[in-house]
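Same chain, two partners: chain A is paired with chain B first, then with chain C.
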Partner chain A sequence: MKRNSAKVLFVLPTALWILVFTAYPLGYLFYLSFHRFRFGRIIGFAGFRNFERFFTDDNVFNSVIVTLIIISVAIATEVFLGLILAWLVDKPLRMNKFFRVIFSLPLFATPVAVAFLFITIYYEEGGPMNSILGLFGIPPVPWLSNPFWAKMSVAVVDIWQWTPFCFIVFLAGFQSIPQELYEAAYLDTKSRWQILKSVSFPLILPIFTIVLILRIMEAIKIFDIPAVLTIGGPGRATEVYSLFTYRTGLKYFNLGYASAMGVVLLLVEIPLIMFIVKRLRKVIS
Partner chain B sequence: MRKFLVFFAIVALVALAFAAGDRDYHGITIRITVNQAGKEGAISGPLYRAAKIWEKETGGKVDIIEIPFTQHYSKMMEDLISGAGNFDASIIGSWWFGDLIAGDFVVPIDKYYNSGKHPYWNKDWLPPSLQILHKWGNTWYGVPNDSDGQVLYYRYDVLTNPEYRKKFKEKYGYDLPVPPKTWDQVLDIARFFTGWDWNKDGEPDYGFVMHLKVGGQGMFHFMSLSAPFVINPYNPKLYWFDPTNMKPLIKSPGHKKALEFLIKLIKTGPKAQVSWDLGEAWNFFLQGKAVLTFTWGDLGSLAQDPNRSKVKGKLGVSVLPGTLESYDIVHERWVKFPKDKPNVVGNTTGGSWHGVIFKHSKHPEAVYDFLSLMATKDFSLWNVSNGWTGVDPGWKIHFLRPIGEASIRDYMHYGWDPGDIVEYLAAYYDNFYAKLILPYLMIPGTFEYWHALDVHLSEAVTGQKTVDQALDAIYKDWENITESYGRKKLLKLYRESIGWTAADDKEYKKYHH
Partner chain C sequence: MRLRWYEKLIMYVILGVFAVWAFFPFYWAFVNSIKIPSQIFQKSWIPVVQFKPTLHNWKVELSTPMVLEALRNSTIVATVSTIIAVFLGTLVGFALTVFRYRGPFKNTDIYIFFLTQRILPPVVVLMPLYIIMKNLHLLDTVWALIIVDSTFNIPMAVVIMREMFKSLPEEIFEAALVDGAGWGRIFTKVALPLSAPGLVATSMIIFSYVWNEFLFAVSFSFTKAVTLPVIVAGTQQNRGIEFWYVGTRSLLVMIIPVIFSLLSQRYLVRGLTFGAVKG
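Let's turn to the complex of A and B:
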């Protein structure tokens, strides 16, 4: 009996933590998603109305598409650039350490501050970016006022910030490849491209998968950069899913509808995360 | 130095007024939220100044909590909804009013106002168009501070340039009107001055400038501009919703024509303006790169600052232009107006930022006392005349004699150009006392309704949606918002807020089945 009490005592803090900070909010999320929350309080049972609205709301569809476009462009570029930079720096070059530090720096900046910085950089009437382009005879780019370029602008900031992450992980991956393998490869070919394709890349593939998965998991939550840089505009051109949910819940206080959005996201994410975790285990093993 | 002396004179005057009273707020701290702009910034700056005086005279303490504009409403509502009670009061935008009243979060101020114990201000100083923004029915909840409304600013020196006038007449076949009386004239002028170097700085310039960034209050431009397309003597009240069923009126022919017009007008400005907030658009005008703009009173005071403005002494200001044709929603018809008497509609577009006291405040009387200090004649006149404080004129005490109580010297004292101030105050008087005023939406959810308007307008002006698609999207979003609140409840509040009566119903139902 005493032994059991001790067990309970040790498990209790964790159980309480989970109940208070995970189970209760999750339960309340489901509860709210079936209710109408207005005037700062629950005003009635909504049944499936919040979910009905979700699946017929053009704004939801728009935010999903916008999120997919921005994160596809950003992740593809980040992974590609990170890989190339890591490969270039993984050589006995002069100032190698300097480049490693420089390439890693953006990762340590806070996204909100970066987004504010880029508002200035993207300024269309004589801002730094357009002035530099002007030196090469390139006409001004409507970075924030054109729906297409606004999406690209958000993606560029994300790329600027997250390429270093890919770079660091890929660099670690390249450095973990035994030197003897390269030496053996040099006996067969002098082509650096051949060595990259046939030796480095296959060996780094597990790392590549991990980087890709981690970036997808992180990027899908993209919020702070569009929230500050474009506030979702012009129109809804950069209104990503999390920004739309945030607005609905914490700007308009339609917590019933926002909870329904959260529930749907959860139901989509659970199988996705299970797949990712399964894949990760496979890659690691 | 002179400014400081005058400021301290005001401090002394207010101190005297206090000395006569019996207010002692020692040991009391009041916490007030305001848009983040710093100790010298718009709206927040005057709060810091008032706090200094109030603390000295009453022994109380004012804790000013600055919150960025884009988060202010949410932070305030979070606090109220959660019952945390961290704030005693907020300096709110009038479009937050509906949520505060419906949520029963604010207290009426009539009891304190009538007590005569607090710094003196008078409700009757405000024109009826502004009074409405501070009360619900006949009960006052807000302590006045700022007066927002949009007027037309133009470059008087450029529009009266004989060479330009001659060329304009050759091109458009009529004399360049100063000021323009209709939106069509504005469009002609804006088009005429777009794409060539009329200010002789070596770069092509523009006819018009606006701020249209999502979240940057761009939707206010549409409201003010569309007012004479929808509001007219036959329909003075209906702009937002059908008062019988709460269906949005946004797809009316008048709204449609106004949006089509806005899109034409935007083409006479810099492309980047669709991603600009107020400051950027104001700077563009102040740097002399656009001939026309329409915005709030802030621009008039900013224009007087030689460090920021190249247009001091060159300003023309007038009430917003009218239209020669307006859609009458009540009778479902277009109404025509004579050329010399266009349909002009005033507006109180904007926030008219003012203080409200929260129900959970433990010191409502102290809060009222502080807020009423900012509404006193001396303090308010100082705010509107002394550079850019974000507090704009609109009350009787701000206007020039004989219609008001101020003098040109009151303003010249703080560096105003005499020509500019006469134009500026006359325009604001015409605006706030116009026979027709754009109805202000004050129901719960206004923040959300206006955000939907904001984003879909932005989609229309950036070519992502056609005019019809944008208006459809607004309509759909507004219907969803109405449903989520409960149509019946909102309908009742909406009818109350626009003063819709059973007699109005009778007339309306003759044409709407």
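Let's turn to the complex of A and C:
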């Protein structure tokens, strides 16, 4: 194969695949969002009606707020815990390999199965969560039946699942700091706080940004955990954006309206995508 | 830097607490899966000593036709999607490493084009894909899921395989070129064998992602093409919360991806951070 034809042939199949199965559906999304549906079929042009409805729908507003509350609680905790744990495991402890393995177990645990398990863990009477809290004299928490606690429950499961991601990325970051740097710093100053402040912290900062962006990117997609753990409830207390869109489109077959929701999410994501792309350009060699 | 004994103690306590937290749900699932219903609320934690373990739940679970069928569907969907995604992603990863693209689309642009796929929230394309699959009569077949799952996992393969090929010495490709090998041969006979570990790890990561996928699975399959996560999610509505089945069923689903994530850890960090952080 000649170089020039190889250049094209190696990229073409994948590019076509993405064009057919992502670019085309994205275009189609816009088309759908301007149409009215009945029983899953287009019955007419809707103009901007789906979008007008979007901006006046209390349930849309609710799902946006719910999503923001859940993911901000979750992300803040995950990044913080992940950083602390990685910092501790990076120390010369005998068992750090063991901790590394244990901490990464939740990473790929099927989210649906995890949410399902947590229904029993959160069980209000005699479930392990409330039993353990009971040991400290804390009265039973209505984990899944109270609108506020239901949001926290979803966030806690997300924290369980995603702290490992922050942990392994931060750990990789800490381990990429050359040991000599610490030794040199140690000769300079005996103060650990100084070393932490002027060696570890500045070197971990770029990774901190990456972890944060990636977590935001991923957390916006949240669907599995609330869909199974609380089924969006009680009421609509944990009906996150993806779940609301899914229900509108595929439970109530309001496909035009659900497409409009997709369009808005896409438009909202564009700045985020641009930001990620800008950061990526810097780190891709 | 030496740690003082009390510093070590504090660290072990903190790490220990989190180790219990991370491991607890797995243990909880396991313990419940080997209990009979009447033992569930007895707060007993150690099998054999505190209660008599039973394999009954597992036997029932593994002879339920619905579960077996879902297990089969999940295996088919995950295997075929993995093959497609790894194949398509590896081609691009290779091209981006050995060729220099000029003109409007340079290497970085092509790379980023493929990466944006992973940033895109799946729910955005859910409606159009649903209608497309419906028109193609692919709803409730494994093909709908295979197509969508391979599409969303191509970026992972591009990222990891590009990193993998970049770690190979350039001279190898040049030597093969001088020997008169075409690019097709260099790819299959030189690049692929040398990056076998990366290929295996990428496959395991993508397999796990597809295996765990829920949104498209619950949207595009109803009876015939149902995968394991859909079965798990449906259990609650069908039979209420029966702790022992929660145990067997969630373990059954989780076991493969959890093992795969441990085996592919070195590559996972790169894949998850788009190659921005080296594992």
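Convention: the second predicted complex is superposed on the first by the 252 of 285 C-alpha atoms of A that agree within 3 Å, B and C clash if a C-alpha of one lies under 4 Å from a C-alpha of the other, contacts with A are read in each partner's own complex, and residues count from 1 in each chain.
Just so we're on the same page, a contact is a pair of C-beta atoms (placed from the backbone, for glycine too) under 8 Å apart; a residue touches a chain by one contact, two chains touch by 3 or more.
All of these numbers come straight from a predicted model, not from anything done at the bench.
In the superposition on chain A, A:Ser63 makes contact with neither chain B nor chain C. When the two complexes are overlaid, the chain among chain B and chain C that reaches more residues of chain A is C.
Shared-chain residue A:Ser200: touches no atom of chain B or chain C. Of the two partner chains, chain C is the only one that A:Trp160 touches; chain B does not reach it. In the superposition on chain A, contact of A:Val11 is made with chain C only, not with chain B. Contact with chain C, but none with chain B, is seen for A:Val101 once the two complexes are overlaid on the shared chain. In the superposition on chain A, contact of A:Gly233 is made with chain B only, not with chain C.
Of the two partner chains, chain C is the only one that A:Thr120 touches; chain B does not reach it. Once the two complexes are laid over each other on the shared chain, residue contacts for A:Gly40 go to chain B and to chain C alike.
In the superposition on chain A, the residues of chain A touched by chain B in one structure and by chain C in the other are 40, 123, 250. Residue ranges on chain C touching chain A, taken from their complex, read 1, 3, 8, 11-12, 14-15, 18-19, 21-26, 28-29, 32, 41, 43, 88-89, 91-92, 94-95, 99, 101, 108, 110-117, 119-132, 134, 147-148, 150-151, 154, 158, 182-184, 187, 208, 211-212, 214-215, 218-219, 228-229, 232-233, 235-236, 241, 243, 246-247, 249-251, 253-254, 257-258, 260-262, 265, 268-269, 272-279.
Against chain B, the residues of chain A that register as touching in their complex are 36, 38-41, 43-44, 53, 57-59, 123-125, 142-147, 150, 230-237, 239, 247, 250-254, 256-257. Those residues of chain B whose C-beta lies close enough to touch chain A in the complex are 70, 73-74, 77-78, 80-81, 99, 102-103, 105, 212-216, 270-275, 284, 444-445, 447-448, 451, 455-456, 458-465, 473, 476-477, 480-481, 484-486.
The touching residues of chain A, when paired with chain C in their complex, are 1-3, 6-7, 10-11, 13-15, 17-18, 21-22, 24-26, 28-29, 32, 40, 81, 84-85, 88-89, 91-93, 95, 98-99, 101-114, 116-121, 123, 126, 128, 131, 160, 164-165, 168-169, 172-173, 176, 182, 186, 192, 207, 210-211, 214, 217, 220-221, 223-224, 227-228, 241-242, 245-246, 249-250, 255, 258-259, 262, 265-266, 269, 272-273, 276-277, 279-281, 283-284.
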